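Look for chain A in each of the two complexes below; its partner is chain B in the first and chain C in the second.
Moving on, here comes the complex of A and B:
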């Protein structure tokens, strides 16, 4: 189980790194949003109720991170759908490989790439004046939580791909990524969102993941949001992984 | 060939009443297929597009579940013990689904791990197979740079990485140039010599004729004929010698003297006759002699043997080359 999972994970990482059309948007698009938001909306920190932060770039960095991680999850789904379309999936399932390794390999790759994505935004943020309130430990927490969040989003992408079977259908979920992002506290504090976005964001798991990433960067090592962030991320991983495995089983049964 | 305790050759593939019926529309892709492929045999599964060849392969390699009947591959039930089947087989499906962004060597290493080969075996085995399929120099190039023939050869190498006892090749040479086809044929022959059972689907008559120890002809999801290529062709009819006369006026006399060698019939044109014979090559000199003795000038002569297409025509009423694709 471990060897094929690692081998499939390594393959997924290789293929992502060799597809610039997949890789570049993960870094470029959130960077553009980050530049636009920090350039044009920095004055929002003076709004009553905006939490005291080291600076607005530090506050916005987690938004870029979750945006990048969600896009990465969507791409994981597209990659799986492409494997189904191309017939590589058939090759996989005619090998004596445990079925769970097919899901686990992709999740291992997502975790590794997620850590790289988060580290990129930490380094980029520091270069452009962000401050990490939580110090080195804060950076480590952000990288670990980001890596776990990437795993959760990849599991969601896989669950969709096994059902959809077509890359174009998975790609069609792209606008949904932005809807989920804007209906969370990724860009603005939850209490500054107007109704019904504030209520929806309270129910949106992404809010807790974003706040879990934001706290060590913008506010320091304050326990509750970080613990909530990890707890919600583990919850999403568990539910999404179950959905991905169920999707795989459905796919195998449907194809047979 | 080794025999089992009952004096019967051991079988690598056995199916009984194998059937695949799709719920939507209730159409049968495969209907009542009975197979008994002996160990070490190259079995050619011949039929036009949509006849049920690929569906049969997908049933045997556990990609599809039969709706009726039983199938055993390498002694394992494809429904009850699919994992054991997968561990025993090598599969090269019709579409060589190979990542264009990975190198041949990377893909072979991945396939090795998926088949549970130890780390020490992976490198030497990959090198050996790349060399065997003529890709030693291209092994570190990305597959996107490979030609169609090179991809097929890599696909075959990947299917062989774990030295399977049964190899399934689904139309391995479709669309290949003659040299790539020949290379694959030679590899299949080498595998047979090593004792690997090969189940080969094809729509090429020559391929089945050249490679297969036995041929099963499938049409409309059912096997319509099965035997060695020679026996199938003999069943259709004897070879004949086609004679073109220099002077059409000699036809009546030629028919008369040729009767001492075989069974002559007038040809489709006035200056031709066909002489049905036992072997063809053996009777040719005698036929030349009797025509020459009678003073009949011959413009041309050729031995015409029955082909698998004639078998297909007799069994299905259609030429293999003429059949249209039938939706599964």
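Moving on, here comes the complex of A and C:
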């Protein structure tokens, strides 16, 4: 189980790196929004109720991270759908490969890519004046949590791909990435969101993941949001992986 | 030996052909190209969706997230929805205009532009057809977006505000279509579409999109002050925030005209290089 999962994971990473043009949106678009939000809305730190921070870039950095990780999850789903469309998936299931390794391999690749994405934004943020309040340990926590979040989003992308079977359908989920982002506290403090986003964001797991990433960067190593971030991320990984495996079984039954 | 009907100076066909090639716009050919552009939208109605869904999510999302930013003095309104509506409208126009370049890239890949360039229609005619079709296509997402905005509480502009909104949006779609055509002629592939859409989106976002100039960070303010889209955006914004003034209006028209002229010249040069 472990060896085929690693082999499939390495294959997915190699395929991703062979087409770097598909990686550009994962870094470029969140970077553009990060720059625009920081340059345009830094004055909002003066709003009553905004958590005390002198560095709005540090506050916004996790928003760019989760945006990038969600887009990466969508790309993982598109890659799976393309494998189904091209017939590679059918050849894969005739090979002596454990079925779960098909899902696990892709999740391993997503975790590795997610760590790179988060590191990119940490380094980019530091270059442009962000500060990491949690220090080295904070950076490590952010990379680990980001990598786990990437795994969760990839599992969601796969679950959609197994059901949809068409890359264009998965691609069509793109606007929903932003809808989920806007209905969370990824960009702004939860209590300063307008109604009904303030209520919905409390139920949106992405809020807890974003806050878990934000706390070590903007505020320091304060326990509760970080623990909540990890707990919610593990929960999403569990549920989404189950959905992905169920989707895989449905796809196998459909192919039989 | 019979003279070549196209290249012979004595041939009336050749004279006609060259007259058109020199940039005289052939209106029936323009109309045919516009109809072709509109037909694409009728045959694939889903093509209009990016011009509606993304700007609508952007508009509603930003308002929900940053709506309380207007509590900071300087916005000139308590409604962030009203402040950011022109950004969403320009975004819709930009996406629709950008699609023209994507379609031109496809036409180049499939050889359709080569066949079109063999016809008597000159570069000016082809460009006019492409740009006009984009300007008309944006009239489909525009009302949809306005209805969504009004339904969630955006202020309804005056009659002049409506007219200016339509004029600015169609003109911006035309400018975006010209720019995306420049890129399509340069890269000769649909694969340039992310570059088309991202440059158009960036030009909108790196302006006074989220906040007035006075509230932007110094580096952002420097970019926004030199970005002609800021003038266009402020021209549209006056229809929803504050009152309409001639000074802001003509600045917006000048920015549209200036950028449009530069892109038209670049596009015509692109056509010239493509033909060579």
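Convention: the second predicted complex is superposed on the first by the 255 of 256 C-alpha atoms of A that agree within 3 Å, B and C clash if a C-alpha of one lies under 4 Å from a C-alpha of the other, contacts with A are read in each partner's own complex, and residues count from 1 in each chain.
Quick note on the criterion: a contact is a pair of C-beta atoms (placed from the backbone, for glycine too) under 8 Å apart; a residue touches a chain by one contact, two chains touch by 3 or more.
Treat the numbers as computed from the prediction; the structure is a model and nothing was measured.
After superposition onto chain A, the modelled positions of chain B and chain C are compatible, with room for both. Across the overlaid complexes, the C-alpha centre of chain A sees chain B and chain C at an angle of 90°, to the nearest 10. By the touch criterion defined above, A:178 reaches chain C but does not reach chain B. Contact with chain C, but none with chain B, is seen for A:193 once the two complexes are overlaid on the shared chain. Of the two partner chains placed around the shared chain by superposition, chain B is the only one that A:97 touches, whereas chain C remains out of contact. Contact with neither chain B nor chain C is seen for A:224 once the two complexes are overlaid on the shared chain. By the touch criterion stated above, A:86 is placed in contact with chain B alone, chain C being left untouched.
Ranking chain B and chain C by residues of chain A touched puts C first. By the touch criterion defined above, A:2 reaches neither chain B nor chain C.
In the superposition on chain A, A:238 contacts neither chain B nor chain C. For the pair chain B and chain C, the model built by superposing on chain A gives 17 Å as the shortest CA-CA distance.
Touching chain A in their complex are the following residues of chain C: 53-54, 57-58, 60-69, 71-72, 74, 194, 198, 201-202, 205-206, 209-211, 215-217, 219-220, 223. Touching chain A in their complex are the following residues of chain B: 61-65, 83, 86-87, 89, 91, 93, 95, 97-99, 101-102, 106, 109-111, 113-116, 158.
Contact residues on chain A toward chain C in their complex (touch as defined above): 24-25, 28-29, 32-33, 35-44, 46-48, 175, 178-179, 181-183, 187-188, 192-194, 196-197.
The part of chain A that touches chain B in the complex is made up of residues 3-4, 7-8, 11, 14-15, 18-19, 86-97, 255-256.
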